[in-house]
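Each chain carries a letter (A, B, C and D) given by its place in the written order, and its residues are counted from 1.
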Amino acid sequence: MAKLDETAAGVYIISVTPFTDSGVLDLDSTDRMVDFYLEKGVTGFTLLGMMGEAPKLTLAESRSFVQRVLKRLNGRVPVVVGVSSPGFAPMRELTSAVMDDGAAGVMIAPPGTLKTDDQIVSYYETAADTIGSDTPFVVQDFPQSTNVHMSPGVIARIIKVLPSCVMLKHEDWPGLAKLSALRAMKDIRRVSILVGNGALFLPEEMERGADGAMTGFAYPEMMVDVVRAYGAKNPERARDLFDAYLPLARYEQQPGPGLAIRKYVLQKRGVIASGSLRKPGPKLSPLDIAEIERMIARQSKRLQEIG
Amino acid sequence: MAKLDETAAGVYIISVTPFTDSGVLDLDSTDRMVDFYLEKGVTGFTLLGMMGEAPKLTLAESRSFVQRVLKRLNGRVPVVVGVSSPGFAPMRELTSAVMDDGAAGVMIAPPGTLKTDDQIVSYYETAADTIGSDTPFVVQDFPQSTNVHMSPGVIARIIKVLPSCVMLKHEDWPGLAKLSALRAMKDIRRVSILVGNGALFLPEEMERGADGAMTGFAYPEMMVDVVRAYGAKNPERARDLFDAYLPLARYEQQPGPGLAIRKYVLQKRGVIASGSLRKPGPKLSPLDIAEIERMIARQSKRLQEIG
Amino acid sequence: MAKLDETAAGVYIISVTPFTDSGVLDLDSTDRMVDFYLEKGVTGFTLLGMMGEAPKLTLAESRSFVQRVLKRLNGRVPVVVGVSSPGFAPMRELTSAVMDDGAAGVMIAPPGTLKTDDQIVSYYETAADTIGSDTPFVVQDFPQSTNVHMSPGVIARIIKVLPSCVMLKHEDWPGLAKLSALRAMKDIRRVSILVGNGALFLPEEMERGADGAMTGFAYPEMMVDVVRAYGAKNPERARDLFDAYLPLARYEQQPGPGLAIRKYVLQKRGVIASGSLRKPGPKLSPLDIAEIERMIARQSKRLQEIG
Amino acid sequence: MAKLDETAAGVYIISVTPFTDSGVLDLDSTDRMVDFYLEKGVTGFTLLGMMGEAPKLTLAESRSFVQRVLKRLNGRVPVVVGVSSPGFAPMRELTSAVMDDGAAGVMIAPPGTLKTDDQIVSYYETAADTIGSDTPFVVQDFPQSTNVHMSPGVIARIIKVLPSCVMLKHEDWPGLAKLSALRAMKDIRRVSILVGNGALFLPEEMERGADGAMTGFAYPEMMVDVVRAYGAKNPERARDLFDAYLPLARYEQQPGPGLAIRKYVLQKRGVIASGSLRKPGPKLSPLDIAEIERMIARQSKRLQEIG
């Protein structure tokens, strides 16, 4: 499998991890899910991300899930694996395993103990050294969750000193000014920037130089179609599509219930057998479900209107 | 002026504080702003909230601004004043002053040092004692900003032990389950619940028992009309309106630039003379402004379509 | 091996994990270290704690280290193993393995995502269910590191609902009032309370009802002798000993360099072959080392004076 | 009064603020306290610091207290006033007032919203501009309380760009390596560095280049004598003194009860009429008081032994 590089674009779906109602890893649903995401037009997969319930898996389960996805994909699109860890020994172990299995690269979020600019850069230097300079990696900039704040200058320093850094998963919030600042920098290598946060600012981010999205949403076709519309120089079409999905995207982006909402819709769409999260995880109430159903109905109607 | 009580409903606008381009408090714009908000149908005002740049004002400026609003309003709708403070002596001083001036009640957010349930309840007991049992107050539940997390049970304890607590400003995020849990409690006095977070979940919150909104948005008529549509048992109309404004509401809800966006639109609408924030505050870029203008144009078009 | 229960007392040493200079797990030093700690009079061992560099170990290394310690101990004193994890599946896996190997119980610190009293209690309920009701566990109350704040009432609730909770590792800071509050509660089962924070408040904590210490210090004999002196109703002797060691104990308690200081002294005392921390970890400067040597010299002199 | 400059040294006492038992500002005790601190040999005063209960005072009380201290001092030693504020307008107002009254400079801690290196430097630039380039200021580096982390490089940048920055209040913890790093920098102006954290690392900090202490302790003579002993090239004497006071200093350094302990001892020593903190503040228990008395007795005995 080709390795990830700075030209990566389109939609790298942050994949859910399917479980049965009793919390067992569901590999049959995994196959269906791979087919579904591919059919909707994603250009890559990201596994074991924060929304992939990665910390709830044992190492053996993580490896089994990654292998199943890689086997089903059979090289059709690249796979990035989240390997963030409080320690470098477990990071090396998981990275080595998944790269041997055929992953295209890994994603690393910084631990919350990092405070100053220098500490952040130094952390990524050690991480890059740990996984090996031949393993491409993605910097995940997600301060709402990691509590680590990277200025544009810090990201630029990482890109400069570490050639194996090929992509930024941009999900600072607010992050529009940061994205513009990074794209305005003339003295750094152009890396791929894919955006996160449930794509809630995808139109603005595409206009500011993003190459696509690396996030999850129960309707990945929204992200695929918006990115394609920008590629086709049709921003009004992109905005029409985006606005039609926005009420549900906003609803799904709630931390906590968000993943349960996404899995509910994926189950409803026939992708996964069960919408269950592994414990501990929230359960949807009848009110939640009524709201989702209502939004899906309105979304269908609106999509028909815009054609 | 009548005091705030548990029946408060509708839209209590979180008012901006107008400054001139050079950062001087702009009392002429204040008058126009009061007229504008009233004309759009708000049922109350909230001054010196977090989005009112309160910490940037001197005590004298705070008092001057509150007095100007009260004078212009002349009792037509009630005014709530934010009096959160790291110390009780300043809280008492400001509360006493604004209640004498004619405010209907005050709002208190908890300091970030509170950690356990007992500490939170104890804090509000001391606060209520400080401001006097005849001063109605609003509990602001905004953990994203305060870093204080109140369970429904803690809020219920505050309501039970403190009769002067008449309202909850609900802006936990996610907060829908919390709102439902509070409204399901049968053993507590029913207080007013007005929602925050830029009204980004207003339809769902109205369905779950909110009495309206206490937040800001450059188009307060959206909130007023959505709340009225629910009052008129017309939820589909409410959702149509909400969805039409959602792209801009989402954009204005960005922490940091959000207030600059709101003030830009208010200036554009002729409400305030300058969209400037007092230092330190972000400035909008040409890209930001182009995005706002584009969203406003699309919003107008969509509002015409839905009639 | 007998399981941990509420009668546990004395000094459960938070064991370091020895590495060679190149960062390889050093099992020969592990044997020497076990002998050293036993010789100094500890009554139990705690492995894979925060000061045991646990997150830097792979699962295989963790298991190998635990097995080596258990083998060398051969049942002479009980072993508690830290199994804190962001997910319950890895917690179950590690717990099951070490209990099979002969551990006496496990220790669980709460994840930083817990905010309210109810969330904390609910987390421990799920954790206790995950590891099985026949596995005794220790609650680690260490808010400076976990950012989770447990009131005495919350700890009491955990003790009440979970019979397998047999010990509190008390290291809130300040924590003296909390310890007194817990011991004053008449309606809860009396669990063992061992104190942490490098034993910096050991005399006061013994007076307030602690059963001993569960922490680390390069001179474990200080903790053992202080606890024994209290057992012998000789508090002045306990304070004399404590005060003699306090300058170094204070120095070793610095977060960050603290563990490097402890390992330096253990190497100097011939316990472990290398004072190295596995990456990433601080290195001592010549100034640091000069300070340590000076404090050790003064400490020896002072110990001779008090006899 | 001469203004603060880079040559400041010795002990700048972080003054308590005396209240009566009923919480009223106690200006008579203020006079006695000024005399006491002077008599013990302090070389400066710092008012309205975090341990001075500053946030609990109204603006009028703050000014009244500062004026009383300045009047009693009558220019004998310089006074620094804490002016940290969430907003620049209140900071300007207070600074202007106290400098007019005769303060020698002000101290500014950063607000917790600052995250990146650039944000921190930019904040101090605006602050320095706000208070005026002729007002000398102290940077307070106290991440345990502010949650703002300044690397040595950031502090160096502030010193370079802002000539009115004349002192660092150093109280990062651990902070020894940071102090050494700052003193090793050859390309920055040498500013005064006074240390905080209750002087718990004063000997090590003096050896690494501190000019003294700016902190509180109920026995300011300890700090004065330790600093003098270093000035007299007698580090062993300094350590003997320090060690004698260390058990109580450690006890007084507990966040929360610490200030109540300090005030209790100051009351016992006849300095202030009441040891009360203004609400909200902890009260000492009989156990606390017994521990303090015991430590004071042992401290006296030890001081006699060392002569």
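Here is the rule we go by: contacts are C-beta pairs under 8 Å (C-beta built on N, C-alpha and C of every residue); 3 or more make two chains touch, one makes a residue touch a chain.
Treat the numbers as computed from the prediction; the structure is a model and nothing was measured.
The chains other than chain B, grouped by which ones touch each other, come out as one piece.
Two copies of one sequence, chain B and chain D, touch each other mainly through matching residues, since over half of the numbers at the interface are common to both.
In this assembly, the chain whose C-alpha centre lies farthest from chain B is C.
Chain copies chain B and chain C are related through a rotation whose angle, from the C-alpha fit, is 180° to the nearest 5. For the pair chain B and chain C, the distance between C-alpha centroids works out to 47 Å. Averaged C-alpha coordinates give centres for chain A and chain C that are 38 Å from one another.
Per-chain CA centroids place chain C at a distance of 34 Å from chain D. Contact with two or more other chains is made by no residue of chain C.
Chain C contributes residues 115-119, 143, 149-151, 153-154 to its touches with chain B in the complex. On chain B, the positions that touch chain A within their shared complex are 173-174, 176-177, 180, 200-201, 204, 207-208, 239, 242-243, 246-247, 250-251, 254-258, 282, 285, 287-288, 291, 294, 298, 302. Considering their complex, residues 53, 55-59, 61, 85-90, 93, 112, 123, 126, 278-280 of chain D touch chain B.
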